[in-house]
Amino acid sequence: MISVPVILSVMFLGGVLAWLANRFVPKGASWTAAIIAAFAGYLVFALPSCGGEYTLALGSITLVWKSTNYSALFAMLVAVLGFLGILYSMDFMAGKKNLGYYYMNFLFALGAMLGIVYSQDLVSLFFFWEVMTWSSFMLVIYSGEEKSHKAGIKYFAYSAIGAYLILSAIVILYAQSNSFLLSENVKMFSGMSLGTQIMVISFLALGFGVKSAMMPLHVWAPEAYKESPSGFTAVFSGALSKMGIFGLGLVVFKFAANTEFFVYVRETLAWLGGLTAMLATFYAVIQSDAKKLLAYSSIGQLGYIIVGLALGTPLGIMAALFLTIMHGAFKAMLFMSAGAVYMRTGTTSLDDVSGLITKMPLTFLTALFGIISVAGIPPLGGFISKWMLYQALLETNHYFLIIVIFIASTAAFLYLYRFIFSLFLGQREKEFEHVKEVPWSMLVPMMLLTLFVLVAGVFPGLVLDPIGKAMGYLGNFKASWEPQVVFSAWGEKINMQVIAGTIGTIFILGALFIGFKNRKATRVVSTKDIHTAGEIPTENENLTYAVNFNQPFERAIAPILKWSVDKLFNLLGENLESTFEYLRYVYTGNGQTYAMYVILMVVILILFSGSIFGIHL
Amino acid sequence: MEFSPVLYIAIPLFAAFLIPLLGKVSKTLVKLTPGIVFLYLSYGSILLFPKAMEKPIVQVVAGFKPPFGISLYYGATAAFLITMVTIVGFVIWLYSYKFIIREPIEKYYMLFMMLITGSTGILLTGDMFNMFVFLEITSIAAYSLTAFLRDKDGAEAAFKYLLIGSFSSTFYLLSVMIIYSYTGTLNFADIAGKIDLIPPMAKGFVLVLVLVGMGIEAEMFPLNGWAPDAYSQAPSPVGAVFGGIVVKAGLYAMIRIVFLFFKTPEVMQFLIFMGILTLLIAEMAAMRQHQIKRMLAFSSIGQMGLVIIALGIGTMGSTSAALFQMFNHALIKSLLFFAAGYLVFHSGSKQIEDLEGLGYDKPVTSFFFAVGALAIIGLPPFSGFWSKLLILVSVAKAGDIAILLLILTGSVIEAIYYLRAVVKLYTRKEVPDNVRRTPISGLVAMGILAAIILYVGLYPGVIEKWLAPAANNLLNAADYIKAGLF
Amino acid sequence: MDSSTWLKILGYIITPITAFVVGVTYGGIVRVITARVQNRFGPPITQNFWDIIKLYSKKTAVHHGLMQHWGPVFAITASVTSLFFIPVLKDSPLWLNNSFNGDIIFLLYMMVFGSLGMALGAGQTGNPNSAIGVARGLALMVGYEVPFVLALVAIMIQFKTTSIAELMAVQDGFSNWLIFQSPFAFIAAILAFLGMMHYAPFDVTFAPAEIASGPASEFGGKYLALMQTSGSIFTFAKLVLFTDIFLGGAGDLVTLIVKTFLLYMIPVLTGIVNPRYRTEQAITFFWKWPTVFGIIAILIVVL
Amino acid sequence: MRKAIAILLLAIVGYYFINVFIHMPFGEKREGVGKYYLENTVKETGAANVVTAIVVSYRGFDTLGEVTVLFLAATGLGAILFGKRGEKRRLQGASVIVKTTSMMLYPMVVLLGAYVFVHGHLTPGGGFQGGAIIATGVLLMFMSYRHFNVSHNALTWIESLAGLTFATVGLIGLALGTTFLQNFLPLGTPNDLVSAGIIPIIYIAVGFKVGAELTGVLDNMLKTIR
Amino acid sequence: MLYYIGAISLILIGMYAVLTKKNLLKIVVGLSIVDSGVNLLFISVGYVKDATAPIFSMPSLTADKMVDPVPQALVLTAIVIGLATTAVALGLVIRLYDHHKTLNINKIRQLKW
């Protein structure tokens, strides 16, 4: 009988096992981890989507785990991405130190994510939430370098703030309802006082918002994504940050939906999401590191998802959840290809690498499909989610939000193009002549995901099916779709078969034409063989225009970029720390001063005993 | 012979007196004695535990009924804490076994044993003056142990400790005096019954004296100037005893007195206020520390603040949470001190800066430090998580969201500085080949603690089911009086 | 297969050809007009045809790699697909193609597809000018999309539809043209259109004198031919789209050509008399007045 | 500045302090355990000296602690000062008169001390006082003779054995099935030397112990510690 | 009554010394003075007018003519404890002097913040 604890224990014990395996068998850790992840993934899919219930009484606290339609959706995402991430890591991490540590924390993080989605009570939700936080923190600091540590601390600090906000919301709820069960709390939530409702919702939203990198709580993300090993970054961005979305979904539709100020919650979240999407995109445009760029891109995409959720219409939710899945796939693809480049060249700096397309064609292909998908260009998966999102925005009269979103998605082309251009196109540096395509174990996950975004683009119904069920869990939401057609509330529809068919046909015709016309006379020349006003670049010259690629745009948005939350938080942090520094001067080191404090305390207590203790001396 | 609570005191004392003689025979024997004693006491306390949980065991000494003789009150709270103390004491001994290599070893073990016994006595006694005596036993052992390394800083720290500690005992003695002069008795239960004989003004004064006197022991801000110095300069196992045991005893004493004699809403409010102050200031100070043990010390103070808050809330839930937190803190802080002790030993420097790279050079010790750090921050699946959760739940139940947020602010700061230290450990850096290894006894000691922390983290029910009677015992003054005066 | 299907298939063939012819002719006319304004004679109107035919007939072709090879294919795919999803003539089974009501949002994205493909091709060449051009073009795109989308949103929410066919349906009389119904949206859209057509002052992308035609600089032979074909079709597609949305569409080809030509003259004439904006100037231009007009358009609808 | 603050603070503390005590009855009899002790001590413990009875019997546990405190102080001092090099005693030795007098007084002081603790249950005095007197005698010798030595070994033995005696006596009570420190000897007639059960035994042990410990403390402070 | 005030004055004087004197030895002396003050105070609390020591050495003595024995017993303990503290304090002072070569408490401030 498959039940939730079985899955969880497979993951967690598997983590320990992987760690042990590393100690005794060379390469043991990666194989163990891959097998465990595959097995757990199988279990996740085999678990009936409304069952596997398990209750565990821990003292006065009862934990309930159960699979629901909503959790099944996220669990599948986690299981698939987790398995692919580990598969990818097998060769990506080969030869590195502390593999046991890496795979253990990897599996722990996966287990914790599954734990989060299966939790039906708030305590185990929070429990796994924290496990997830620290295990991912461990992976962020994996490299052991100063930079990664800074990033890790930052990540953890923000996560801790978020987690504690969630925790306070949980205990406030418990104080009112006397139960940790999700269902109980949802039931009793509408009966709670307005203050409680506002507090709980804002705390939960902020807490989950941190993990989903909602502005202005996103500051941890770029560096954390950059520093974690790419195999994990794929999961980090693809699945782990989605836990924030998972939580936000619960907040919006399970809690906020029963309150009178539901509309304000939604509007606030929607605008936050929108601004996140736009600003993050702007920041992504000015990055010069591939992984940081992708990180900001992730933040932006999560912004779309938040917008979708916050719209609260069936189409909006569907868009959000669809994008959740798609983003998981295509961001994983992009991070994996960035990781592949990193593995072969040792850097992810967009200024240094160029022209890898001939050396790593399959990686390039993955990246290409990835960016097309992110950009939302039909017929890949990204498009449908964008389409649904816009339709939902229109039908809910968010006239200005739609503009914000649109700016974001247009500006996305800038960084996406830069990503693929700088890494793969242009003239190649000499030092990268030896570069080879990455091994199969890394290509397989990339290719599988590529296939997935293609299929999901043409047959969105396949993915919309579980999403529809998940929406049923969140509330009574009905949206209509067919395997290849999606309908909007205004009666519009988008038929992916026609689109894909047209595009495919024309593309093939065009490709045939260009491929066969004068085939013999068509030559491939080196990228050095170009016309630059009569001068022919020598072998050692590299003319690729990569540094400050998006400078024109950067100049245009300079007034916006001047405002950086990051700087603001840093300033705040520094000021706080120096305040702490002054505060600790209380401890002067002089024993007599301490003694004086004691007497002073006595005097204060005596003098104010009337007001402090109600006893007049 | 049935195990009797008085043995908690008698056996260690007997052993302490015996140690100098054993020292004539063999050093190993000396080293082993405290271990045997604590092992026996742990065994005994586990035997006695269920009984005490059911009904307080009140043991008279010298055959005179209370209030005429001294009585030992082994109630659920005491049982809970004493069991913890004996077990932690045993582990700390195990750790000391190889850690303390400085002469005079037999003196170390005598003082060490007495330090713990004094704390046990504070937890155990039902007599106000007797508590003073045990307080002094603890203090004097503590002063001496703080200066045990005989370095410059140790002596300084010990002197400060002594200076403030003397104030503590003076104030406490004065309060005993005033209480005695009005009620004519020294037995807690008896006093609690006659507390109204004291005129309000004198009562208020007593309250001030007790709060300040015991506040010093409980590390309440601003009375805790001695604590960071003492913790950081004492040998690591002693630091663990301070953080894990001694301060708990001091806090217990304060809370017992307050709850028995002065339990008014105002006083509870005051406790909460002081708790918050202590927590926040300590965490902030800890954030800026450069020495690892000093950081641990401030963290200890902060944790005590947390416990004081929870006790100040004064509900059943919060009190049990506070006890749970005490239990966790005792284990976790000991683990941290253990690990830090060897880390400092290996790196040869007390600065956090200099710990770089030790995570790779001394993986196991560093691992235990990391576990301790994660646990004390309150991360699952370690035990600290549950107690923090319970505290927060009880705070929320009391309806004070501001307190909740302040506690969490403290926790965030705590998380940051602990992780900074952990991360420092795991910064890659070439460290000179260090042949010195962490001895097996130290690792076993850390392993035991880590295992308990993890076990309790996964099955909090083990501890949790005992919390209710223990909290009830602490809260319910009427029961205490009834049992104490039988 | 009934007759409508046959008609449709016929439409598939006729539409791109028409678009190509019209687009190239327009290009020729533009060259003549430009020359006249600049006091030159200029080439004959058919010059563009001959250019393209010449390019198609060139035997040899040089490319720098796979993406350059495929770039033009992307471009042509995008332009033809876009065209197919725009209703060219009102209520004509032959010219409706498969525009299942012609979804605006879909078109917005489809239009980018080609640019991206071309950009990829240009990037592959290794010519710095191409890359610079692409960077400018993409940045410019972010600029003009804002007023454009504002205008479209204003219209879409006014009529609660995203379908072009339905928009055409509501503008059945001359006075009902959206250019009159929502003039501010039209102003915003037409200003954006200036940028979209890449004529001066928004011609930084290609800027022949500066970056040697930018993205297209390394293309030759069949590649350039395909790109120019696609460009012509694309121009036509955009014009038809604007006509459909703002000028009430067209019932027959003549009306369509008149309307599109008039529309086309706007960017062309602006372009002739204006110098070139720098990229950031262009972007900030689009984010100023056009955006304000767009917002006004929306506000009018909402209020 | 510091002084002004200190005076101000202490003045406030003092004011309220006195305020509390000024209302406390002075010199009046009070109810409570004190009265009970006065009335029942002789009957229950057989000791004539009520204070001793309280110290050793009623509150014997305190005394055990007290002994421990002293023991700890001696141990702690040993630990703190361990390895300290003895100060070269630059002062010249005491004069002959002092030396001779000390030599003559010394046994008498020790004897007095012994007397005081042996009669602890009968007369004012007891183990602590007696022990302190003995230590005074030793101090006298330390001061007058530069090379006066006490045997560390002997001190250790005395300390330990005395302490063990105390603890053992207590444990015997427990072992006999009653309570710790329970009297298990006949009470005898009050005011006899051999009376009051275990009180004299304990007090003698305490006397030895205190004497040895205080001597040890003095010795520690003066000499090199090994 | 005067006893109380006297004893309290002793305590305050001792505390004053502890708080302000720079010399470690004087601080230790201050601590001792505080101790003595407390002990005196305690003894005076137990005092009963016209009563004798609580020793039944003569049959003529009766319980109601005796002072409260408890404070005396407690003070006995307290004295010893005070002595122990002083001893340890002096030991520490010796150590501190060894290390710092000074007895000025202001100069012994290695541990701070």
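The chains carry the letters A, B, C, D and E, assigned in the order they are written, with residues numbered from 1 in each.
By definition in this document, contacts are C-beta pairs under 8 Å (C-beta built on N, C-alpha and C of every residue); 3 or more make two chains touch, one makes a residue touch a chain.
Since the model is a prediction, treat every value here as computed from it, not as a measurement.
Note the shortest touch-path length, in steps, from chain A to chain C.
Minimum step count, chain A to chain C: 1.
Treat chain A as missing and name each group of chains that still hangs together through touching.
B, D, E | C
Which two chains have the most contacts between them?
A-C
Going by the average position of its CA atoms, which chain sits the greatest distance from chain C?
D
Kindly work out which chain lies most centrally, taking the average of its C-alpha atoms as its position.
Chain nearest the overall C-alpha centroid, as shown: A.
Averaged over CA atoms, how far is the centre of chain B from the centre of chain C? Could you give it in whole Å?
So the centre of chain B lies 77 Å away from the centre of chain C.
Whole-Å distance, chain B centre to chain D centre, using C-alpha means?
A distance of 30 Å separates the two centres.
If you average the Cα atoms of chain D and of chain E to get two centres, how far apart are those centres in Å?
Using C-alpha averages as centres, the distance is 15 Å.
How many Å are there between the centre of chain A and the centre of chain E, using C-alpha atoms for each centre?
It comes to 67 Å between the two C-alpha centres.
Please list all residues of chain C that touch 2 or more other chains.
Nothing qualifies.
Identify all positions of chain D at which a residue touches two or more other chains, and write them in rising order.
2, 6, 9-10, 13, 16-17, 19-20, 24, 30, 32-35, 37, 59, 62, 65-66, 69, 72-73, 76-77, 80
Hunt down the residues of chain A that sit against at least two other chains at once, touch-wise.
As it turns out, chain A has residues touching two or more other chains at 584, 587-589, 591-592, 595-596, 599-600, 602, 606, 617.
Which chains are in touch, pair by pair?
A-B, A-C, A-D, A-E, B-D, B-E, D-E
Give the list of chain A residues in touch with chain D in this complex.
Residues 592, 596, 599-600, 602-603, 606-607, 617.
Help me check something: in the complex, which residues belonging to chain E touch chain A?
Going by the criterion above, the answer is residues 15, 18-20, 27, 105-106, 109-113.
Touching chain A in the complex: which residues of chain B?
159-160, 163-164, 167, 171, 200-201, 203-205, 207-209, 211-212, 215-216, 222-223, 225-226, 228-229, 262, 264, 266-267, 270, 281, 284-285, 287-289, 359-360, 374, 377, 379-381, 385, 389, 392-393, 395-399, 401, 404-405, 408, 411-413, 415-416, 419-420, 423-424, 426-428, 459-461, 463-465
Flag every residue of chain E that touches chain B in the complex, lowest number first.
11, 18, 24, 27, 31, 34-35, 38, 41-42, 45, 70-71, 74, 77-78, 81, 84-85, 88-89, 91-93, 95-96, 99-100, 108-111, 113
Which positions of chain A touch chain E when the two form their complex?
584-585, 587-592, 595-596, 599
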